[in-house]
Amino acid sequence: MSDWEPKITTFLCHWCSYGAADLAGVSRLQYPHNFRVIRVPCSGRVSPKFILAAFRHGADGVWVSG
Amino acid sequence: MIEYTAIIRDTAKKLLKDGKVDVFIGYKKGTVPMMNEPVVISDPEKVDTLHWDSLCGLNLCNYLTKRKDKIGIIANGCNSRNIVTHILENQISREQLYIVGIPCTGVIDHRAVLRAVGNKEVLDVQEQGDKFTVSGNGFSETFDKAKFLRTNCAVCTHRNPVIYDEMVASPVKEQEGVDPFEDVKKIEAMDPEKKWGFFTKMIERCLRCYACRNSCPLCYCPTCFVDESKPQWVGKSIDPTDTMTFHIMRAYHCAGRCTDCGACERVCPVGIPMRQFTKKLNKDALEYFSWEAGLNPDARPPLDVYKPDDYNDFVK
Amino acid sequence: MTNKIFTKEEWTKALQGLSDSYKVFVPVKDGDFHTFKPMNATKAPDFDFQNTRLSARSLVYPQAERMFEYSLDENDPEANIIKETPKDYSPQAIVGIRPCDAHGFKIVKPNFDNKEYRDPWWIQHFESTVLVGLGCNQPCSTCFCASVGGGPFNKDVLDVLIYDLGANFMVSGLTEKGEAFLSKAQGGKAADDAAVKQAEALATEAAKKVKADVPTDKLKDKVINDLFAAPFWQDVGFACLNCGTCTYLCPTCWCFDIQDEVLGKQGDRIRNWDSCMFPLFTLHGSGHNPRDQKFQRVRQRFMHKLKYYVDKYQGGVQCSGCGRCVRYCPVNIDIRQVAELMNNY
Amino acid sequence: MKHPRFIDMSKCIACGTCAEKCPKKVDDPFNENMGKRKAIYVDYAQAVPLKYSINKDECLYFKKGKCRACEKFCPTGAINYEDKEEKVVLQAGAVILSTGFKTFNPSTFPTYQYASFENVVTSLEYERILSATGPYQGHLVRPSDYKEPQKIGWLQCVGSRDINRCDHPYCSSVCCMYAVKEAMISKEHADYDLDAAIFFMDMRTYGKDFEKYYERAKEHGIRFVRARLHTLEEDPETKDIKVRYADEKGEIQVETFDMMVLSVGMETPAELVETAKTLGIGLDTDNFAATGVFTPVETSRKGIYVCGAFSGPKDIPQSVTEASSAAAGAGLLLSSARNTLTKEKHIPEERNIIGERPRIGIFICQCGINIGGIVNVPSVRDYAATLPYVEYATDSLYTCSQDSQETMAKIINEKGLNRVVVAACTPKTHEPLFQETLVDAGLNKYVFEMTNIRNQCSWVHKDSPEMATAKAKDLVRMAAAKVSLMEPLKETELEVDQRALVVGGGIAGMVAAKTLSSQGYQVYLVEQTGSLGGNALLLSKTWRGDDVQSRLSELISSVESDKNIEIYKDTKLTNVEGFVGNFKTTLNDQNVIEHGIAVIATGGKEYIPNEYLYGKDPRVVTHLELDKMFLAGDQRLKDVKNAVFIQCVGSRVPERPYCSRVCCTHSVKSAINLKENNPDTNVYVLYRDIRTYGQREELYKEARNRGVIFIRYSLEERPVVENINGRISVRIKDHILQQGIAIDPDLVVLASGIIPQDNEALAQMFKLSVNEDGFFMEAHAKLRPVDFATEGVFLAGMAHYPKPIEESIAQAQAAVSRAVTLLARKKVMVSGTVAQANPVMCSSCSVCIDICPYSAPSFIKQGPFTGKAEINPALCKGCGLCVASCRSGALNLKGFGTDQIMAMINEI
Amino acid sequence: MLKGLLEHIGIEPGRLNFSWISSAEATKFVDVAQQVAASVKALGPARYLIKKRAEVA
């Protein structure tokens, strides 16, 4: 169980969190590798249907960040 | 409430005769006990078809969507709140409507009645004030209406219409001290596994007949998300995950708009209490946005607008 | 024809014994209503019911049924080859099916099994099924089986018929398949004349209780286009919600939709019950919908049951008179009234 | 003179390897020398361009001739030790000075011991401490022991409002607000109950929405202590800071803080004073570039403009406004040369790929070792080649390099690719580059998807190369799934109507009109009253002493005689249709004018008091009424024995919780005028905080020198003005004497606040928003102070917020400058990434219309789809809010389509 | 609201996460990323609402 790594469907706002994620990279800050990022123009683009769809496709977690 | 019938007929007749409305929407007495059929009348001579009793449990607002004519309609508390929502959402205009308000004392839960008589066939129901008598082959029993209200009516705090042009009777006293969310709180107290078990079991019998969706006045999209194919959000079989997805999304589309009229449960052929989905949303709307749908003809539902001070405790 | 008497306890026990040779489905109380479930030790069958909420049709023709399957994995040597999904066609018995619902199978048979087309899944399911009917001592006020060629003790399609004599059941084998089934039933004893007489009396009594006045006699003589253009359809359809309750509960509706479901590299071709009440039913790929209005869909359902079927198969209407749509239509649209409107138009 | 970087800018890819390998650590000036960086460095992580440079003074190679580690490890060979200082000569028609300021160095204050007490920091150092990229990675700790401070004090006016030790008589304008902000952020940062105290003289939160922030800070428990600290003492053991001060009641208090922040002011750096001399521009006595009230961004030398803090202390919005304003000034000079140096680019014709089966090319970048060092790029490449529709997959050392671009274009053509995925760094910086390559190869730029396997993969998962490789594969698969569904999108061009509308004929409106006209644009100027001039018609002198009326009449006549300006007096707007570039406005006389942009300069108006006997006694007048008396040379003013000014009338009160910004200066100026008229007049100013920000502080000093008496009152104990037997009596509690005093004035001047015009109708017509106080809301409080969220509409003057003439003028010019960026292009490109409605699916519920912040959706007015939604692509910003809100699935966002995002979700 | 509903039917609270992070807040991004990863990891693999091969006859 401890070897298990979740996959987390991640929606990042192009202007905000995606930038923060880029900057985290520039700063070489390390964080877990479980996130699979989908870039969206705005977190408002994330329809509830996407969140359900992510769970339906077996995502262990969903993270929406604006 | 059966005494309203005569007044409704008179009003409808007058409205149709005077040309104030082109049609009048109400109920007619059903061909089966405890069932009534929505009906539209355009001939003032046919108003005697109209009927009202404590078993009229659908939502007539459903029949207003995108009509172009002038309509007279009867509306109790919840139906009138849906009319408000309909107006806000451009499905009908206030000017088209003549609303005959019904102070409502609640609708009888026909399933509870059947249960009470051991699921024997009921052949007749007679309503007398706050009591009613059901009879069938070899039995006849009289019950207190108050004890047989549908669960949504039992906790209803908006029994009188919020908009109307005239009332068939003076407003009834609103219920006080009821906790509409007792059942929701019970579920909230469960752990995730129990909750999932509860809801999975609840919808197990679902046939995907969509009666709940179609009886709901909020569901008027030309193409429902379940019918979309590009992308296909939900599989069309009765696979449990697909069925659950349907119920979640159906409920979510009602968020901030549901008036808890109970039509969905009323029509379900297999008796699923799917209000457990929408009630949670109603509770949250009330807690986070101080919102109850359809009370204010000037305010959009909370999820239709963004305000900087919206509830956002869930955001990290 | 074997007539045997079982006490009700004996009968339940007998059914348990039969479970070794058949998948035995029996009515079980599930919440407010009855439904067919496989016989098992924990939940006893309950034969004290008006009728099951859903007809037994799904036991022969499931609501969702996998027809074919295929792999999209390029590494799979059989990639992209569509294969029929193997099915279990071992014998099954539906015990306690009402004669009207059994009649339903007869009504749908010409659709699934005719000269041009034989539906392998339906036919194999049907042929492996023993229909063990339970006569109706007390038909509902909404039943009209007698008007459509059936009756509360109609033996037409049944393999076995059960008479509820109070404390006992009299069980009659009607076909070879039925006799075979009965021969495997443990216990019981041969019925005496008195029991047979009592059973016949029950049947006669019950027949009297069924309203036989839903008129269908003139339907075959009507001109299709006249009925189609009749003025009452808007009124009939006004209240309709376009839900699938009537069609899904009906023992004689047969329409289905075929969908491909792909999950990862696994593809399935599934057929699901469809309903002519749904707008999607006739939606064309172009976006055009020939039945995009509610009344058109309502008209379709009644025209199909009461006219198109009548004309096509020359065997009466596509309705077994079970009355489910009358009882459970959420807005109380009543096929009996529509039949009258059409018959007398 | 261009300093050498010792880095070839065209080669550096900012991978950071050099800095990693560089052995020499130096203090990091960006972090106020509190942290370390290497001798080869970028200023800060978000620097543009993101290219390294070598600090020659620190570099071991330059100092000792050995090392060259950076050169050895640089994967692109960008290091060039031979780089030389370069003399660059630029030909320019105008110069804009935006050289800024430096913060005051408090080391000169011996009693504050900034240099020797570790836990005394400047506000700028504190800013870095709070910052995530700061020396302590955003953890709030103090420098001496890296412990979380429990108690922090801010000391205001360090290096401001002080001629005693630093010769800075002016107020630095921004320190009060930044101190409040720092205190608030610290409170938020600390998950414990941080004690934050601000020691101040006057709290100057005079900016838009600042006063509310100040009030909120008080609610959050930040202590505001009106006291000037004389000395800070350090506990040698704990390094805590002990302070002694006299509180408002005059009692001595002793407190100990873990940290003390010195709110340092702004000053012009000495080298800039030299530059000014070289340039030949005049400086004022405070060493700020001299400008005029009516020419706020012009220096004394024609053609040289100034903006920002070089012309006086100011905050961000004001600096940004001035920047645009200066650009307008320069643009004016250069308008004849506009578009003369532009070059046209040849673009091949776009290949029509509609109906083609997707043929995807996947280009994976190793980014030297940046990606390749962690992620197994060849295995990702091989994996990519197996994905559906992928025709071609390759990897390269640097996909972004010029030759890689050429190769990519070639491959696209050779292989007939019609979709492209690049897996490399971030699309935020590199998407445009690759899109250009697509366009050069004859593809639409939208059949492209970029996925980030560097910033969001290799760089952040150094410890688990396997997982990073797996993640990279997933990301590539997701991108391929999306791109296969991408369609070519059209960017439509819209003509921009070259005419402008200015609403409001006050100073801001007239300046806007005039500036537009001078740049060659035709202007419609609409004024609701019968005359131009607005509030300025009632003003006598500016705070710098200019005569307002003469300047105003010059302006009015120049506007009225301008052939390019069509003036509509006594006119209001009744309807506005259209959008950026194509507005159609109906006036109340039914005239319809068409214009491409609009400037809203509707101004504000004086609050009409109902307090302090106003309207009941002729001796009680407002500001503007006093100015009228000055203008008329009213003799009575000479005979005034006692004059009382009451500040904050109608401002900073619960009903109107904002500061009207100009009243303090106005009152102080008027007080001086009264004293000039008759030095024997006793002048009292009853105030709450004197907010003579910037160099206006010098007026305050002058007033005190002239004997004007300032008495502070609090909101709870407002002055009482009564008529007692025919004489006016003003009673107030003196804060120093701590007792009530009474004055019998023969003139009471109410510093009546500024209230907005009724902007509701106009806001609806142009789809603008107003704030709670009724002033128009700009697109961004700091960075877009003259823009509206609605494109093509701009804001100037007091319609935005109360402000003095020079700020109104700067804003008007700035608004024009912003407008000209649209007008000059003559065409606007509409992005392809816009929402699109399918009317068949639409249920007309109007959620999209309600939720869109840009008013892009509307109902179709005629035809078969009447009443269904449509999206105006010119207004749509492509955020997708409407798409997510649409229950009916009638909306989709091109470029981020529902099917495309679903395809990505499916691939996870 | 959606989160509330999903949690109501048994999706664990830690599965669905929302945050606001400005483009400059790299450390906040990392902090939240760590929190989210930890909370999801603590819950173990997702159990509910996963679409598997249709459960049909």
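Letters A, B, C, D and E name the chains as they come in the text, with residue numbers starting at 1 for each one.
Criterion: a residue touches a chain if its C-beta (ideal position, glycine included) is under 8 Å from a C-beta of that chain, and two chains touch if they have at least 3 such contacts.
By chain, UniProt protein names: A = Methyl-viologen-reducing hydrogenase, delta subunit; B = Dehydrogenase, beta subunit family protein; C = Heterodisulfide reductase, iron-sulfur binding subunit family protein; D = Heterodisulfide reductase, subunit A-like protein.
Note that the structure is a prediction, hence the values are computed from the model and not measured.
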**Request:** Tell me which chains count as touching both subunit B and subunit C.
**Result:** E
**Request:** Walk from subunit B over to subunit E along touching chains and report the minimum step count.
**Result:** 1
**Neighbouring chains common to subunit A and subunit D, by label** = B, E
**Pair of chains joined by more contacts [C-beta pairs], C-E or B-D** = B-D
**Prompt:** By mean C-alpha coordinates, which chain is most distant from subunit C?
**Reply:** D
**Message:** Nearest whole angstrom, what separates the Cα centre of subunit A from the Cα centre of subunit B?
**Reply:** 39
**Message:** What's the distance between the Cα centroids of subunit D and subunit E, rounded to whole Å?
**Reply:** 36
**Geometric centre distance via CA averages, subunit E-subunit A, whole Å** = 10
**Distance between the centres, which are taken as Cα means, of subunit C and subunit A, whole angstrom** = 49
**Fill in**
subunit C residues touching 2+ other chains are 63-64, 261, 270
**Prompt:** Can you list the residues of subunit D that touch 2 or more other chains?
**Reply:** 45-46, 133, 840, 881, 885, 898, 902
**Request:** Find every residue in subunit E that makes contact with two or more other chains and list them.
**Result:** 2, 6, 11, 17-20, 24-28, 32, 48-52, 54, 56
**Prompt:** For this entry, which pairs of chains touch?
**Reply:** A-B, A-D, A-E, B-C, B-D, B-E, C-E, D-E
**Prompt:** Considering the complex alone, what residue numbers of subunit A touch subunit D?
**Reply:** 5, 7, 9, 14, 18-19, 21-31, 33, 35-42, 44-50, 53-54, 57, 59
**Prompt:** In the complex formed with subunit B, which residues of subunit E make contact?
**Reply:** 1-13, 17-20, 32, 35, 47-52, 54-56
**Request:** Could you please specify the touching residues of subunit D with respect to subunit A in the complex?
**Result:** 16, 45-46, 50, 133, 426-428, 452, 454-457, 459-464, 467-468, 470-471, 474-475, 478, 833, 878-881, 883-885, 893, 895-896, 898, 901-902, 904-906, 908
**Complex interface listing, subunit D residues touching subunit B** = 840-847, 850-851, 853, 867, 881, 885, 887-890, 898-899, 902-903
**Prompt:** For the complex, which residues does subunit B have touching subunit C?
**Reply:** 30-32, 35-40, 58, 62-63, 111, 114-115, 119, 121, 123, 137, 205, 207-211, 213-215, 227, 235-239, 266-267, 269-271
